[in-house]
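Several structures are given next for inspection.
First subunit A sits with subunit B, and in the next complex the same chain sits with subunit C.
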Partner chain A sequence: MPKFSNLFEETVYLAVKDSRLVTPSATLADRVLFAIERKKRFYASVKLAIYSLVTITSSIGLAVVWRIEGSAIINSEAIQLLSLLFSDFSIVASYWQDYAFSLLESLPVVSIIVVASFAWAACASLWMAARTYKTFNHRAVVRV
Partner chain B sequence: MNTDLDEKLVALYLAGDETALQSLVRKHTTGVYNFVAQLVGYGQNAEDVSQEAFIKAWKSLKKFDLDKKFKPWLYRIARNSAIDFLRQRKATVPLVNTYDDEEVNEADYVVDPEPLPLEQAISSETKEAIQKLVNSLPSIYSTVLKLYYLEEFSLPEIAEILNESIDTVKSKHRRALIKLRELVSEDRNLAKN
Partner chain C sequence: MTMETKLVGTKIIKVSLIVFGLLIAVMAIFWAGMMTGFRKARFSYQWDKNYNVLFTRGPGHKMPPMGDVRGREFMDANSAFGLVIGVNSSTLIIKGDDDIEKSIFITNQTVIRRGPETIGAGDIKSDDRVVILGVPSSTGQIEARLIRLMPKL
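For the complex of A and B:
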């Protein structure tokens, strides 16, 4: 309750607090909620479109990049060293430090980064698109 | 009014509870409408501005500081929406607020379950007369009085809503009461009571 400095102010308070609040039309609250829902769906559809576009673009990019860099990765010395891990583990274990350095030196780092980037972009955008689609399909109950 | 509930509803909505937003909107629709109507007039304009205010509030809800009170924040957005509306219409903020009984379709009475001693001595006619005089004050004064006595915002909260300093709001509150006292003095019947 407000503080009063005099009797007049208290009188004003008693009069004003009993003021009639003009009630808006009965559908205003519903219209507000419906408008918010509409905005939500619009933003969700824009997000979905963007994520879908990124998924498609990065997937195509991944295919192109793999075609260019894939053979470099498959035919690299690193793959052959990795196969040694399964075929002759005892030698790898004995000379693990030399093995590790050789493996690192032979990695086609740039190719791996490029391919991994496109793969990550495709997966991440697909995941975001799926999540947005799930939200997009969620319907709030709005009484009209 | 339990404003802690508002902050809880906001937190619930941000956590994914859609019904919390519905509760917030339904709870504050009438208050926001009446507040906005002080600037743009009652009717369709006030409803449109109220709708716009709620949409803006919803858009900014993620940025809302849960340590602060929701209602003053909402009313500030409502005020800004009303000002934007008036700017678009190239209209000036109304200085005089008129109250038309015919526009009142329903009454939503604020009932105090524990009447103050003075309240019992004031007739309903006196109250209505004072209400009319308050409504006839310039909007800058009637708004402060209604926010303070009807909505029971504190002066710092009113300053936040109106985007003014606390001293300015205190000054407006003081001048509003002085102006109101002058109007009461001019109304001889009211002055007798």
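For the complex of A and C:
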């Protein structure tokens, strides 16, 4: 046995000499990959639960907000002005600048923003939930 | 130039173009909002300044209680929608859903329509529901370009 200057070098020599200490088992790689996959699926299921909760909450919020603000949007002057586009297109086209300004002035902006925000939250969270489910549902996890 | 440098350069250009385009869009929207607000504020000021002239001497006059028109949002300057409460050959008084009256000036260029027919100012009656597209005047009135009578519900 050669002489070593420190304990670390002696330990490394003995470990390498006894190949059983550094040779991994045949199933180690599969077990590590399985553990990683299981962790990923756990986080995916947490994400799916959060996205589903947001979807449900924002859908209920959308229904409530539409009940409150929907009539303001439907009965607004902007909808009546939009109908002029179909009934009197030639006159509207002649005074298109005034028509554009009148549409901008009469838009119920706040109502539209509130309703659109809830609709966007519902759609976005539903899309994220569907994507998460699709990504992790079809993966086969083989137990080693 | 290596392939990586070429690709990074293309990505930087693409991101820069998108950011620049978005900035332009945001500034255009901001400008449109400012213009709209300015027009509404100017019309509301002129309407308020000429209220006594327009509504106490014109048809269907109704003096609101003091402070009733203060604190409201600015009025739409290019359009009106509501019920006709006063009419003569050259002027309409419209009451909107916000209970604010507007004076509509009928000119030779004004087109008045009910359904597919073109009618005259004399065919407009009180309690008709109208949509008006026009141009704001310096006296707080809207010079009508198009008056469309809506069907009664």
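Simple rule for what comes next: the second predicted complex is superposed on the first by the 119 of 144 C-alpha atoms of A that agree within 3 Å, B and C clash if a C-alpha of one lies under 4 Å from a C-alpha of the other, contacts with A are read in each partner's own complex, and residues count from 1 in each chain.
What we mean here is this: a residue touches a chain if its C-beta (ideal position, glycine included) is under 8 Å from a C-beta of that chain, and two chains touch if they have at least 3 such contacts.
Every value quoted in this text rests on a predicted model; they were computed, and no experiment measured them.
A.B. asks: Identify the partner contact of A:Val12: answer first if only subunit B is touched, second if only subunit C is, both if each is, neither if none is.
C.D. replies: In the superposition, A:Val12 touches subunit B alone.
A.B. asks: Now for A:Ile36: first (subunit B), second (subunit C), both, or neither, which partner does it touch?
C.D. replies: Only subunit B; A:Ile36 stays clear of subunit C.
A.B. asks: Tell me which partner A:Glu77 touches in the superposition: subunit B (first), subunit C (second), both or neither.
C.D. replies: Second partner only, subunit C.
A.B. asks: Is A:Pro24 touching anything from subunit B or subunit C once the two structures are fitted on A? First, second, both or neither.
C.D. replies: first
A.B. asks: According to the contact criterion defined above, which of subunit B and subunit C contacts more residues of subunit A?
C.D. replies: So, of the two partners, B touches more residues of subunit A.
A.B. asks: A:Tyr99 contacts which: subunit B (first), subunit C (second), both, neither?
C.D. replies: Second partner only.
A.B. asks: Residues of subunit A touching subunit B in their complex?
C.D. replies: Of all residues in subunit A, those touching subunit B are 1-2, 7-25, 28-29, 31-33, 35-36, 39, 140-142.
A.B. asks: So in the complex, the part of subunit C that touches subunit A is made up of which residues?
C.D. replies: 32-33, 35-36, 39-40, 76-81, 96-97, 111, 113, 131, 133-135, 145-146, 148, 150
A.B. asks: Give the list of subunit B residues in touch with subunit A in this complex.
C.D. replies: It is residues 18, 21-22, 25-26, 29-31, 33-34, 37, 42, 46-47, 50-51, 54-55, 58-59, 103-110, 112, 116, 118-119, 122, 126-128, 130-131, 134, 145-146, 148-150, 152, 177, 180-181, 184 of subunit B that touch subunit A.
A.B. asks: Which stretch or stretches of subunit A touch subunit C in the complex?
C.D. replies: 75, 77, 80-81, 83-84, 87-88, 91-92, 94-95, 98-99, 101-102, 104-106
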